[in-house]
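First chain written, first letter: the chains are A, B and C, and each begins at residue 1.
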Amino acid sequence: MTSIGTGYDLANSIFSPDGRNFQVEYAVKAVENGGTSVGIRCKDGVVLAVEKVITSKLLKPGANKRIATVDRHLGVVYSGMVPDGTHFVDRARDEARAWRETFKTPISTSDLASRMGGYLQAYTLYQSVRPFGITAIVGGFDSELEAPVDGEVGSGPSVGAGGKVEGKKHGGPGLYMIEPSGMYWGYYGAATGKGRQAAKAELEKLNLAEGTLDLKQAVKEAARIIYVAQQDNKDKEFELEMSWISGADGPTKGRHQEVPKDLLEEAERLAKKALSEDDDEEEEEKGDDKMEE
Amino acid sequence: MFRNNYDNDSVTFSPQGRIFQVEYAAEAVKQGSVVVGLVSKTHAVLVAIKRNAEELSSYQKKLFAVDEHVGLAIAGLTSDARVLSNFMKQQCLSQRLTYDRAMPLETLVSLIGDKAQLNTQHYGKRPYGVGLLVAGVDETGPHLFEFQPSGMTQEMLACAIGARSQMARTYLEKNLDKFAACGREELILHGLRALKETLVQERFLTVENTSVGVVGLKEPGKKGLEFFKVHDGAEVKDWINSLTNDTEVAEEPTEEPAAEGSAAEGSDSMQVDP
Amino acid sequence: MDHRPQAWGRPRDDVYGAYDASYMQTNGPNQHTQSPVVTGTSVVAIKFKDGVVMAADNLASYGSLARFTDVKRIRTFADTSIVGFGGDVSDMQYLDRHLTELSIDEAYQQTAHTLNARSLHKYLSKLLYHRRSKFDPLWNHLLVAGLDEEGKPFLAAADLLGTTFSSPSLATGFGSMLAQPIMRRYVPDEESVANLTRDKAVEVVRECMKVLFYRDARSLDSYSLAVVTKDGIELSENEKLEKQSWAFADRIKGYGTQTV
């Protein structure tokens, strides 16, 4: 950042001569200091996970949730400045509500990502505001029914005009990551925050594009990845928080929910085990090195 | 005079991704006199030290009732606190009117958190210069929340904010495991002991400068509430007296702020999440 | 030609003549819903010792025409409460969406509690009263059932005027005349609720639905039945009236085309 001090970084929405918006880049810095967030999209759902660093012993354990529900089928997790995150969540909820009011049907994950991408982008346009100091991961499961209409009271014609089209596939899992610039992409596996590099490396190993991983495995992988990403920061205690979304026939019945306690504990146990095995291997390698010396 | 160019408003990030105006607002909280809050399974307690501007003036109130089931303690700019407190009172009333229920604490606190966050993202606004401890009982039991100028709100088992509050936090951390099972009186005494830790030499808790706020369940597991009430003056006399007779203080001489100090200090001022 | 921005995209005055703005105004006062259009008839509900049973048939009538025969008029709220709707069906759908929004909002909180039936009833009655005070009522009569904050069975009604009422048994529409007397035999007062079992309550409600089908020309023999207890809600939307006997109809004289 050689351009610091040239004055082009003192206000939002200002381009530097080489075409950069420094305030957005600085907002990204705030994200990079935050606890790691991870999202995995697998064949039958989406898992969200976050590392919550415990800043004080006085915090109530298990409270202060960081993964938020936006609509029944949508969840959001974020890294960076937590109050900015709650602002993001509030807006996302408003968007989901407005969509339902207009179209009488739940907003799709991709539409929500688009709306929120637009919202964040607008905060890079004006000197009177600052960009969001968060990167958000939005996960959802769009209904596989043809047209789930809110307030529908009858079943309507079963086939034919106004009826259902047989054999057509709708909906499915969706995962998007939105950055302070407003840029967003769809992902199979997304990671942000302090441990994003290590997390991304682990996500790539899962070959998520193949669509073989199922939801329960994804929960365990997400837990393990958070533990791996936390390795460089070992001295800080943390809490793992996870949520998941399946289709209507899966464990959450199309809803965004916290991962049940027993599954979470099992995932954490396996994650710790995987880590200690890695450590052992490293120890062995080190031992070998020494002997060679 | 200025630390740098990035600290003039709350819409400018520093190259490290910090917002200095918000951090300075957090400093204003440390100027306020100390308040302590803690919860047990049945009660939530707030205690505070009041200050008077001069010998003959009255003491500034530190504890306020928001609704039957919620109270708050303030450290920092009192006038900012009044804005937030009035807002909370209105929200609680509207909840009672439309749903005939006591406002859930988590909802109430997130409302002021959201309100405060907006002030950190728009030019021409300034962050609130006040920290709050919000204590109350709702359908899920007693709760204590900390509110910071950044808009950060966190549920705590015990907390202290304001001048020299680190000493109180050290006391709270040391005794944290005892609070859950405490009865009403015990919990209040723990609060007052934490408060006492923050006093400089030759200063004491007196009936003039001490406030105690209590809210809780009448009986564990039952629905009845002991409404939030602030105790001042003669009402706190017995508690202060039993504190003076305290032998525990003699056993454990006041310690220097512990090592956790730096970590907790950081959480006070940073809005970058942990 | 008129090039002012206000005229962009409008029919040209020189071709079509000046626009007659009087079409934009209505003569006389604003009119809101004066009467319901597509309607549902009775909802009946009765408290028993552990909860509440509620039933409503699956018919939506357009005047005297049995227009829709698969309309479900009992909806659940957050797996803890149920609402039964009598009256206008489009207003029911509006309220249904409103309740969906409310239940989503309530689920934002991480802590487990949500609105109980009593709070829900309070909210709905305020909403109905608010609308009637705007002279634009939601043309419904609602029954709200579930448990209150102490875990006791709760049942209350709210109508299009915002009037509220609570009783061990309640019914809307024709049911208030035909079903209430039957239900009151079993639960004349709050004390007697503790003596009524779930099975008996279901039996009584089924009996009421049968009487209503016999006597109410805007009713149907297929209906929804819901039971709400502390364990949750059991809602069955495809109940059928059984063991009907129309023998009595033979002896009814004095209406229609009969001359004797």
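Keep this in mind: a contact is a pair of C-beta atoms (placed from the backbone, for glycine too) under 8 Å apart; a residue touches a chain by one contact, two chains touch by 3 or more.
Listed by chain with UniProt protein names: A, B = Proteasome subunit alpha type; C = Proteasome subunit beta.
For clarity, every value in this text was computed on a predicted model and none was experimentally measured.
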So with chain C (Proteasome subunit beta) out of the way, what's still stuck together? one piece
Most central chain, judged by mean Cα position vs. mean of all protein Cα atoms, is A
Centroid-based (C-alpha) most distant chain relative to chain A (Proteasome subunit alpha type): C
The distance between the C-alpha centres of chain A (Proteasome subunit alpha type) and chain C (Proteasome subunit beta), rounded to whole Å, is 41
Euclidean distance of C-alpha centroids - chain A (Proteasome subunit alpha type) vs chain B (Proteasome subunit alpha type), Å: 32
Chain centre separation in whole Å, for chain C (Proteasome subunit beta) relative to chain B (Proteasome subunit alpha type) (CA means): 47
Multi-chain touching residues of chain C (Proteasome subunit beta), meaning two or more other chains, are 110
Could you say which residues in chain A (Proteasome subunit alpha type) touch two or more other chains, in rising order? 63
Where on chain A (Proteasome subunit alpha type) does chain B (Proteasome subunit alpha type) make contact in their complex? 1, 4, 9-12, 22-23, 26-35, 52-60, 63-64, 79-87, 90, 123, 127-133, 236
In their complex, what parts of chain B (Proteasome subunit alpha type) are in touch with chain A (Proteasome subunit alpha type)? 5-6, 10-19, 110, 113-114, 116-118, 120-124, 144, 150-152, 154-159, 169, 172-173, 176, 260, 263-264, 266-267, 271-274
Quick one: in the complex, what on chain A (Proteasome subunit alpha type) touches chain C (Proteasome subunit beta)? 63, 65, 68-69, 71-72, 93, 96-97, 100-101, 104, 150-155
Going by the contact rule set out above, which residues of chain B (Proteasome subunit alpha type) touch chain C (Proteasome subunit beta) in the complex? 97-101, 104, 106-107, 138-140, 223
Chain B (Proteasome subunit alpha type) contact footprint on chain C (Proteasome subunit beta) (complex, rising order): 109-113, 115-116, 118-119, 122-123, 126, 149-150
